[in-house]
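Have a look at this one before I ask anything.
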Amino acid sequence: MRVAILGASGYTGLELLRIVLRHPRLEPVVVTSEQRAGQPVGEAFPQLRGLAELRFEALDPEKIVGRVDAAFSCLHAGTAARAVAVLRKAGLPVVDLSADFRFSDPAIYAAWYGDHQAPEWFGQAVYGIPELHGAELRGASFVAGAGCHATAALLPLAPFLRADLVGPGPVIVDSKTGVSGAGRTLEDRYLFAELDENVQAYQVAAHRHAPEIEQEASLAAGRPVAVTLVPQLLPVIRGIAASVYLRPSAPLTTEDAQALLAEAYRDEPFVRVLPPGQPPSLAAVRGSNFCDVSAFVDERHGTLIALSTLDNLGKGASGQMVQCLNVMMGFDEREGLLEAPLVP
Amino acid sequence: MRVAILGASGYTGLELLRIVLRHPRLEPVVVTSEQRAGQPVGEAFPQLRGLAELRFEALDPEKIVGRVDAAFSCLHAGTAARAVAVLRKAGLPVVDLSADFRFSDPAIYAAWYGDHQAPEWFGQAVYGIPELHGAELRGASFVAGAGCHATAALLPLAPFLRADLVGPGPVIVDSKTGVSGAGRTLEDRYLFAELDENVQAYQVAAHRHAPEIEQEASLAAGRPVAVTLVPQLLPVIRGIAASVYLRPSAPLTTEDAQALLAEAYRDEPFVRVLPPGQPPSLAAVRGSNFCDVSAFVDERHGTLIALSTLDNLGKGASGQMVQCLNVMMGFDEREGLLEAPLVP
Amino acid sequence: MRVAILGASGYTGLELLRIVLRHPRLEPVVVTSEQRAGQPVGEAFPQLRGLAELRFEALDPEKIVGRVDAAFSCLHAGTAARAVAVLRKAGLPVVDLSADFRFSDPAIYAAWYGDHQAPEWFGQAVYGIPELHGAELRGASFVAGAGCHATAALLPLAPFLRADLVGPGPVIVDSKTGVSGAGRTLEDRYLFAELDENVQAYQVAAHRHAPEIEQEASLAAGRPVAVTLVPQLLPVIRGIAASVYLRPSAPLTTEDAQALLAEAYRDEPFVRVLPPGQPPSLAAVRGSNFCDVSAFVDERHGTLIALSTLDNLGKGASGQMVQCLNVMMGFDEREGLLEAPLVP
Amino acid sequence: MRVAILGASGYTGLELLRIVLRHPRLEPVVVTSEQRAGQPVGEAFPQLRGLAELRFEALDPEKIVGRVDAAFSCLHAGTAARAVAVLRKAGLPVVDLSADFRFSDPAIYAAWYGDHQAPEWFGQAVYGIPELHGAELRGASFVAGAGCHATAALLPLAPFLRADLVGPGPVIVDSKTGVSGAGRTLEDRYLFAELDENVQAYQVAAHRHAPEIEQEASLAAGRPVAVTLVPQLLPVIRGIAASVYLRPSAPLTTEDAQALLAEAYRDEPFVRVLPPGQPPSLAAVRGSNFCDVSAFVDERHGTLIALSTLDNLGKGASGQMVQCLNVMMGFDEREGLLEAPLVP
């Protein structure tokens, strides 16, 4: 199956290429990059020397149609909408990583992202977390890849919402992220000398993944769920470690909480429920499509603490996009994605 | 003023020595270390070559009495109690960093730390956060240095408790720490290859600083306050970044919250209230005695988010111990402690 | 093909397992570990949850014979010799990573490592760098995996030795290494708080890979070659970046030097000669079996500078061991090893 | 003594401010910054909140004259020359960190830096390494602060040159540097996600500190000395670790080499000669004005290996500038500079 990667020279695009290259059923045929157009992939990015004969090309969605059987887009919001509209109109299956097609309520999109660039396609995509939307994904041809903070928060949280175990009051998500989530953005705060040995919260209770988490959390709960999201930037290249705090609606033990997670993800190959008492570690998912989760109940005060770790470029972005395509196409969900994490 | 540092070869002991060496009124005269007894300081620790003529000696509290005017102890709980009892009995002013004298309720100590090794001195020390216990510290001769997570949590939290602005339900503290808080402990998880590029929660809702925070939080509130503490180990040498989450008892804006912090710490040289909207960064306090704080209210859901950063070896341990001694002795609180943080 | 990994719970053993799991022709059947005997692999190492049904067993070479078709050993020198002797006696193909079988001169082994534990097998193995010993490796059944510093030094150096372009005087190798080369050793200097933001030379001109480099360099040159090796420990998990300095025996330009490298490695899939003027980067080989090389000549003074980077657990250890097995068995040399490096 | 810092918002300028703030004889009165002009120092850089009442101002050398007693310049080459010319013409003592006044031969300056912007002042400054130019510095009023790689290479090398112990052939300097030497430059390679877990040589045998080292090495030797300099960029914020390799002109032991260093730096407070066999570590000089050195002779092949570590912002830049001013003014050389390094 021939695929295109739009926006392939950013971190999520390169990660897609890394995965697609080892995927037994996918062949990368088109990779686009405005900055690198015309350059061979291995010249622009030395890690890929000898691994791909491809050359970056400028983005021209019309010219992609006919050359590939499916497309991944890692373009920014806005640009993505315009390009995806062309591909979808031509009938191409698309997995898009931007926020452009994640929402069902246009007002929420408008409030957080502004005018939509392809309103005719708004609300048409399936939200791309296979563990939550597996049934809809099967046979789908349009998927909105989920946000990294959103995936990290929703996987440990959703089972409690579905079981109606979440009490009133906002759910709190303290989400620690590696810096590759910001891409190759040239700002002071992403410089090694500024970020190493540093930690800082950002977009406190104002991050655009909050409404995304709320949409999906509310869907899982069958009622509106409020989420206070506080992202924290860490001196780490890859990974998100999310701590979800909530008041259970009924008394719960750590064992209850763990049992619920274990049941929810019994048949899911990429969500690993750790043994009771073992918090997930970021290292154990590095470079992989796994999301590790475990839950604790504060014995003294009853607070439920659900923890997760994932690789923001893997399960938090590109890995999950490939997982979605596998499900869409009826492939084995695991194909190309079962590599062991890179540890140490 | 001649001082002793007991347990001087650990990270907190060496940091005390670093500060004492530049303090205009303090002279380090005795430094103890079991492992390094007999070695010149600059031979055991190359960074101190040419800076101190001292030699480590084995711990013998009886022999310290008479040679110094005050003592800092960085010994572990238990060992600390026994040594401090000797020094206190001899009338020496002591600032102790162990948990042995932080608590007022023996049952809580027993539950978290076991049998006390010097029960006659239990409950006699002032809790060593000058911004919260300044009046008691002046003229005191026995101080229990506060825990690092406790200091990081209490400074942004206490003003809201004092103002009776904290609603029901446990206060949540997500406290991210650098690894020097664990000292030079030889365990796999503290190895560079295991910790770099990693993050992991530990002692989830089971850390011994939780009852310490609760004791002081309850004191500030005038009523029992419950705290769920989740520490997280980061790939950082120094520093704690604490996120405190709570439901206010009355509607509050970010501006209200900031104004309250600014008022509370108006005359405190070491708690810096940042401008509204600016989260504290760990780098900005590196190597210093500062605690930077700021507060946010989630506009959509009302959650109060109070953030702090400090250097766990500075304001979180040794720096604050010297600050306490300055207050005890009637020195200018800032002496020896106003160095600019090491940035970058 | 069923394989055993002896010493499978250390970093090189786990890396072998990671590679073998994705290798289309290899199946891991036996994994040994003294410390982890009895534990399921995924319980001992969370990164492997869901990826392998194996259980660690205690080392008992007699019991391995008959269950596998080949064995990798990551045991320490001495222990390795004893175990390998048993396996070899039984006719099993073995790739051993210890230094026990790397040398041809028993006096050199004795001087650097002491008494040999299986002298009857000494000198019987092929030295395991396929780019230098490819012909001997084909069909071989006993291979001594090369040292990480040795591989990093020899690959950029050997072509110049073979072309008789190295002048008199020792070759200087300044070899910067990540800390995983030391394994999970519990020593102060490997702690995050000691190693992060730090760099330090070690075993200066006294490292045991020096005689190994000299043996192979002399073989390539057809005359004795002296090497001064200075390893440097970096705050990096994986990787070696070697700088090789030498006086050419005849005037040389950067272009000449690059042309020589390009010619030498034209048909080698794992040694990538970078374009002239582009120094290799450690990141570009992370997690892979590649060794990137390039050469520079100091225009003003004639010094030849040959640079290399590799992953010390990949091409510097476990990856190269699998590459050797591929060649020994007549498989495609690249099988299981062509994954793209993990960047960023 | 009132001082100005020109170019005060870069890393070296801020480090100067950090040191000057604690210096008992210096008062910062003017700090310039084009980007930050008008901003209070503590607002622009949170680490300085509460520590300085200063406000950045735009660079206008004419307006500085009369307000200060001496000036430090951290401006870039070219800009520095023009500003320094104004200050020097007005008779102000100046310590300049650019390369504009480091050279004695205009042809060398022109070849590496281009046209000089203040030729009338070229060659007028004393080269700012007090251990090498102490006599000239006393009473001087114009000093060219030395380059960071140059200081790191010259301090371990110069004693051997002076003793005529360096044989023919270029001296090799493999100089590993932290990233703060590049300042706050916004380029991909300085991003955390690109640099962490990475190492890469740069400007191989083409770095502008090479001619600077050669000038000073030749002066020390009394004959032309060739230097091949290969800088390497490390995932470290601060520090340079230099390895100097050379062929001695006569047989030498490690003890001889160490004795020579010890004798050369016996009375120098900032060059610490470590015990034989102990390589310097970067951590031991962090945040300080120390340069730690030690030497090894390869017993087998005779190569001399002289090692050094320093903080590139301390002894490699701003610390050394203050040390120069202390010497120029007849202050105790150590004033403001004897802080213990920040370890861990």
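Letters A, B, C and D name the chains as they come in the text, with residue numbers starting at 1 for each one.
Here is the rule we go by: a contact is a pair of C-beta atoms (placed from the backbone, for glycine too) under 8 Å apart; a residue touches a chain by one contact, two chains touch by 3 or more.
Please read these numbers as outputs of a predicted model, since none were measured by experiment.
Between chain A and chain C, the least number of touch steps comes to 1. When you average the Cα atoms of each chain and compare centres, the chain farthest from chain C turns out to be B.
Taking each chain's centre as the average of its CA atoms, chain B and chain D sit 36 Å apart.
Put simply, the C-alpha centre of chain A and that of chain B have 38 angstrom between them. Rounded to whole angstrom units, the spacing between the C-alpha centres of chain B and chain C is 46.
Residue numbers of chain B whose C-beta contacts span two or more other chains: 11, 178, 180, 193-194, 196-197, 235, 237-238, 280-281, 283, 286, 344.
Contact residues on chain D toward chain A in their complex (touch as defined above): 11, 178-180, 184, 186-188, 190-197, 235, 237.
Chain C contributes residues 11, 14, 17-18, 21-22, 43, 45-51, 180, 196-197, 237-238, 269, 272, 274-275, 278, 280-281, 283-288, 290, 292, 338-344 to its touches with chain A in the complex.
By the touch criterion stated above, chain B contacts chain A in their complex at residues 169-170, 172, 174, 176, 178, 193-194, 197-202, 204-206, 210, 226-228, 230, 232, 234-239, 241, 243, 245, 247, 279-283, 286, 296-303, 305, 307, 309, 344.
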